[in-house]
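The chains carry the letters A, B, C, D and E, assigned in the order they are written, with residues numbered from 1 in each.
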Amino acid sequence: MNLSIILAIAFGGALLTYFSGKISKKARDVLAVLISLVIAVILAFFYNTSSREIFYTGFLDFPLILRIDTFSWFFAFTIAVIGSFSIIFSLSYIRKKGNTDYYYTMMLLVIASMIGIILSGDLVSFYIFWEIMSWSTFLLISYNRGPAIAAGIKYIIMSVTGSVAMLVGIISLYSHYGTVIYTELSGLLYNASSGYTIFIFVLFFIALGIKNAIWPLHVWLPPAHSEAPSPFSAVLSGTLIKIGTYGIILLIYVIVKINVFLNLGEGIVSARYIIAVTGAITILIPTFIALLQDDAKRLLAWSTIAQAGYIILGIAYGTSESVASGMFHFFNHAIFKALLFMVVGAVEYRTNGVRDLNSLGGLIKKMPVTFVGGLIGICGLIGVPLTNGFVSKWLIYKTLIINNSPFLAFAALLGTWGTILYSYKLLHNMFLGQLPEKYEKLERAPFSMQLPIVILSLAIILFGILPGLPLKVINSIESGFGLEPLTINIWGITSDTGTINMLNLFVAVFLIGIMIWLIFKGSKKSAGIGQYDNYAAGTTVPKNKYHYSVDFYGPLHRMISPYLRDFIDDFYMSLARSIKNLGNGIRRIYTGDVGYYAIYIMLFLALLIFIQIKWKLW
Amino acid sequence: MRELELYFGPQHLGMVGNFSITLNVEGDRIVKATANPGFLHRGFEKLMEQRTWIQNFPLVCRINVVEPDHMELMYAMAVEKLAGIEVPERARFIRSIYLELARIGSHLFGLWAYANMLGFDTVANWAMYHRDLVLDLFEELTGGRVYHIYIWPGGVRRDFPEGFKDRIINTLHTIGSCVPDYDNTFFNNRVFYKRAKNIGKITCEEAKRMGAVGQVLRATGMKQDIRKTEPYAAYDQVDWEIPVRTDGDAYSRIWVVRDEMIESVHMIFKLLDKMPEGEVYNKIPNPFKWKIPDKDAYVRCESSRGELGLYLVSNGGDKPYRAHFRTPSYNHGLTILEKALENESIADVGNIMISLYITAPEIDR
Amino acid sequence: MDRNNLGKWLKSPGKMGQKYSLHALYFCTGCGIIEIPPSITTRWDAERFGVIPVATPRQANLFLITGYVSVKTLRYIIRSYEQMPEPKFTVGFGSCPINGGMYWDSYNTIKHLDKYIPVDGWIAGCMPRPEAVFVAVTHLWTLIDKGMADGYNKYRANYQYYRENQEKILGKLEWPPLFSKNIKHEEYRTIA
Amino acid sequence: MKNTGQLLKEKLLLSFEDIQAEVSDEHRLTVNCRKDTVITVLSFLNNSGYDHLALISCVDWIKDNVLELVYILTAYAEDKGKAKMNILVKTRITREKPGLHTVIPVFENAEPYERELHELYGIHFMGHPRLTPLFLEREYKIPPFRKDFDTRKYVQEVFDQIPFVEDKKAEK
Amino acid sequence: MVMTTILEIIFIILLAGIIGLFFLGLSRKIMARIHWRYGPPITQPLIDIIKLFNQTSMSHGFLFNFGIIFSLAGSVVVLLFLPFGRICPLSDSGGLLVILYLMLIAPLGLALSGGEAANPYTSIGISRKLLLAFGYELPLLLILLTVMTHYNTISIVEIVNKQFQAGWSFQHLSLLLPGIAYILILPAILGFRPFELIQAPQEISSGPMAEYSGKFLALTTIQHAFNIFISISLFTNLFLGGAANPGYFFLKILAVFVIFLFANAVFPRFRIEQAIKYLWRWPSILAFAGLIIVLITGKNF
């Protein structure tokens, strides 16, 4: 089958959905689901194949190339599946709102352009799809109006800035080597001066880092994630920001190649180390900030940034285990973060748009399936053994420790413990505790919402017990990159430095769980009581007023919030002192006005281009 | 935003006495605290109106179970004042010694409560053990462990038994020898310091405005003690100092309590030295026919919690017409507590409450 | 004391467990609470017999009503008592819960506690000494052995009468009845 | 030489017209005043250094058909003469619908006392922020501390009428 | 092979349970003696558990039951990964990192179960529990990383084996500081005073336990017993060289436990923010210094 057909179906389907919506709502819904599923199914058939085709040559004489290999299949398939789930989830979520035709079209467009990016075989088509994706994403983020528009504008300004940087990089590459095709470039950059490689790196990293929300380029993400419609947040967090990850892997392991990358710079100032440290910082700071959030989706958004840090750390660290963990974590994160956004979306749908963690509570009694989804989702997020997040995190810790980078390992581990705190808060404040009276009549989430939640939950458990399935694919990707593949079996990984066998763990947990359950069942039966029959120092339980949710981690909050603020403040204040003239301008970056930020980056880029043209330093 | 209402008491391990505080909480900070008394309200003062002057003695001591002796004294003093009865010199000394012992017992009980509140079981157990030693003395002297009914209009019920003086000295030495232990493990404990310092802080001005007395007032730097300003019993016969601290927080209050205990021990030694011989009891008229002239009286004393007062009215009958106790915990528990709890952490509710030395039966009566 | 009698343990572990692990609910209902600290601390050390105070009614199986019960407290006592898991034992401490004691003519204390909740044993006196607590505990052991400490069963069987009495004094109670009317058995009500 | 009480008495009599003041023993001053001057007298005393409101009490003189409110003031002072003084400010109000202005603006700690008197004597304090029940759970037709409330009769009527559960079972 | 593993598993679970309950009883007895009391019989925890199983219990719902089973299962599974003497049934899977992760199942299970109880006291207790865990994890992670970097392995069995060859970790100068840091945070891990703030019965009515009755309470007691065993065993394995046979190992953990029991007797409890501040100050600085020393001096193996 032809790759261009997939894109044709995807883009054509998006437009078709719009017009079918004018005829019949039902037909449009079916069509949208169908298209997304068809894309996923077709992509599934491309498993373990590799092909390459030129689909258009008319664009400024660039041959626009599509290609597929295991690497792009892995990403494309994940994106297509998550995309189709979120479209199924949208069916009831979006029904109440207006402008649904537009919504579905944009949604399909985003998915189509993401697949386009991943399937493209040269930088120009990469860039074209990139732009389509940026703009359609902007339109979807702003879908809810009000604050969503501000969030969308913040996103698009940063995105455009990144695009410009990438464009400069592409032009520079083209002017140097006369080609923008990955396969051709990879051999050429091998001989380039390290200065030039770094220059390309910086330019691409601005674009990819903004999309991937690497600290400190993350500022667009929290508002965008929280203001977008929930099913789209799932796509946004689960897959869209991973396009950045894809780009980074592409850059490092396909275009630049691993051996060049590892030799770029030395010791602490090596590119590898700097990116890894950035990844570590991206884990730590957003984790702490997520602890302070009161908005469910904003909390998940910060969590997304932090988890992206693990992926970056894994990819940049450059050992075969760490790269495997990075890619595995990408896959896992796509699953559980999409799941969590869907869970929050389901709650938001049933409570008419409440996602403030301080005003919910006790919903487990009304939405048990959604709760179980949330529970498994946070277990995956934390990396509780027997969920998929565990294996990927275990891999990254192990390789960091064995290769003598305990500080990076420390950041990763501490980030996990922070994750426990905020994810439990998310679950507790929404689902546990006392149910307010006004939600007493709440119904379960509709089937179209429960279905993706259940499937994704099962996937988390499945890949947690059988990590060999995705690791097999990742292994073949790694051999494509020239990394030594891991020795794996379906249950886990074996190596001299540390073995993990999920079968042992699974059997142990399962049998012991059964044993304790039998003891529990065998002893006296317990009587069920309701939430108002509760300890309240002898008084009767006050309705609506007996749920500890506000400021759940109050003591920690009071302790760390001044430091979090001061840290950024101090940094920019000292910068302002040393570069007095620029100081004012830089401080304005953090006034929240993204415009300044964009201008600043653009000025920097202009400077770089100027230097390049004038002196040809690289 | 969901409000949270927490109940500290009545059924709560940190609550000493039957009392309840309703807390409106945000995070772990208290936004508003409302005291909810009345769980021990028996209408004592109403009951007293239906019993004769002497029948009331068993009743008054039960108003405050932690320290019944000052209640007895108060009632005896008021009756003496109304009926114009004199108290023999030796009885005055005995009363002072007896009241100081009661003060030590009560403070040790407070120390138990405070240590227990902070999870300091060891010191709590020690304090209770030493309190039992003091109660043994009471048992020997009066026959009752908790309720004694020892002070009587016109003196005390009976003289010290033989060798009692030595036993008091022995007991006090036993307790006194443990003071360094208490200091090392509790009062100078770094963790305890962190826990109690700057907690439930009230300034001297606030304390005066809200009617604070006793340790709460003395911990803010005000040197006030009724034993000095309006001496009763034999307090004017010996030299002693009022312990004062200036910070006004829980830490200062508990230190004032500690210093007071030590001061009491010294005072008892001095009183025992100076104690004269003689009668301990001036006879009163036949209690069944005893009528007291139409008058009212306000008497006050310094109980272990602060100023204790009694407003007693007689209409010339054989029963009190009206009695009204002014108890130290009343303002502490109903006015100051609510103020002191604001903006504190949930973890410190009991800490502050006990450091204010609130006993519920005194409030409710 | 037959705590070390292994045969008895094997024969009726439930009863023996109940006997030697009496977790008392800490509730200062009246002035009798003043003698509870001495009895659980150094001098008398009730923990020797497995008696310790616990924080919430859920964890408790012994309810010591320490002293007079005012009308306001009664509500909380009933609530706490109903929250305790069965089997549970109640002991009235002091004269006041028996018949009003000192406060027989007070307008705000109830006179007979056993009109409102079942009481398995009484400790007379004002104030009873800590030793009396141990006497009560040993008596309770005998009662448990003979299966006579069945106040909770009585409560279940006569719940409607108890509830009627409670409502006469307290007005309408905020919580729904623990056992549904006329059903003598089992099943806690589920309030959802 | 005049003692503190006498000096204060003279000062009071100079400032207020319709009050009676009497120094009965060396540290007691009794002031009788009308119910509308109570607040001014109290704030006058507060300003002269008697800044501690020890007690607000009430006596039900049922024969005269009045309730007598007694405000007892002492001083927070290290000066012995002043600290010794107990000042009793008395005022009489009718037993039917008794009402009075609150003294919270003068003495902050009067709040619980007035709540208590409201509950036990049925006196309404105007301007009091929360005259909610303080001690009592049940409602009483006659406030329980008034002389015409017979507690023994009340006990017989209420508590003694409740049957033992065994009796009740036997009945049915 | 499989048979021996299963026998080992049963042996270690039973032994850990017995030792844990013995420790609970011992702690009550020793604390009583420090209080100048006689104290309960050493079997008192067992008596309590028997009673609790014979009592009715109230459940707030499915998660209320599930959480407690989950939590206990988590604790028991950790046992299989910890070397007890030379016995370690599942030594070949994941090493110390898996233990770290499995150790968080127990609090998570309790947290879920407590959350379902719909009681703010429970929630406050859980909030404190998680915060305290966050507090001590920071130094603990540094310590564990130091040890793992020092021995350049993530397998705890290997760490113990290497200590057999080269002496206890305490004897290595570079692991001295982390060892001291571990001693400083061990009370927090065990929940001893001054860190006994999770249940804090006088403050928040026994926190997460507030709604447990009957068998729930029994299972939490058992879980607590396991937890004590696990925490002390981990310390002993990492720093006191493990042991060649179970008897010797038991003596070691007993000694450590009794020492911390004495510390338990002479402190009141911290407030949670004070506890975190303490844990993030000295123990963290020591552990951090240790890590840097290990990195500078290089590996010993």
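Just so we're on the same page, a residue touches a chain if its C-beta (ideal position, glycine included) is under 8 Å from a C-beta of that chain, and two chains touch if they have at least 3 such contacts.
A quick note: this is a predicted structure, and the numbers were derived from the prediction, not measured.
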Chain B and chain D share contacts with C
Of all the other chains, whose mean CA position lies farthest from chain D?
A
Taking the mean of each chain's Cα atoms, which chain ends up nearest the overall Cα mean?
E
Chains linked by the largest number of contacting C-beta pairs
A-E
So the centre of each chain is just the mean of its C-alpha atoms; given that, what is the distance between chain D and chain E in Å?
60
Quick check: how many Å separate the C-alpha centres of chain C and chain E?
36
Can you work out the whole-Å distance between the CA centroids of chain A and chain D?
70
If you average the CA atoms of chain B and of chain E, how many Å lie between those two points?
44
Where chain D touches two or more other chains, by residue
135-137, 144, 149, 151-152
For chain B, residues that touch 2 or more chains besides their own
4, 10-13, 15, 25, 28, 38, 41, 43, 46-47, 50, 116, 125-126, 129, 345, 364
Two or more other chains are touched by the chain A residues 365, 527-531, 533, 535-539, 546-549, 552, 554-555
Pairs of chains found to touch, sorted by chain label
A-B, A-C, A-E, B-C, B-D, B-E, C-D, C-E
List the residues on chain D that touch chain B in their complex, please.
27-28, 51-55, 57-60, 70, 72, 74, 76, 78, 80, 83-84, 86, 88, 107-109, 111-113, 133-137, 144-145, 149, 151-152
Applying the document's contact rule, which stretches of chain C touch chain B when the two form their complex?
25-31, 33-35, 37-38, 41-43, 53-57, 68, 70, 72-73, 76, 80, 102-103, 105-109, 126-127, 129
So in the complex, which bits of chain A are touching chain C?
365, 527-533, 535, 538-540
Sites on chain C touched by chain A in the complex
27, 56-58, 76-77, 79-80, 83, 174-175, 187-188, 190-192
What residues on chain D touch chain C, complex-wise?
135-138, 140, 144, 149, 151-152, 154-155, 158-160, 162-165, 168-169
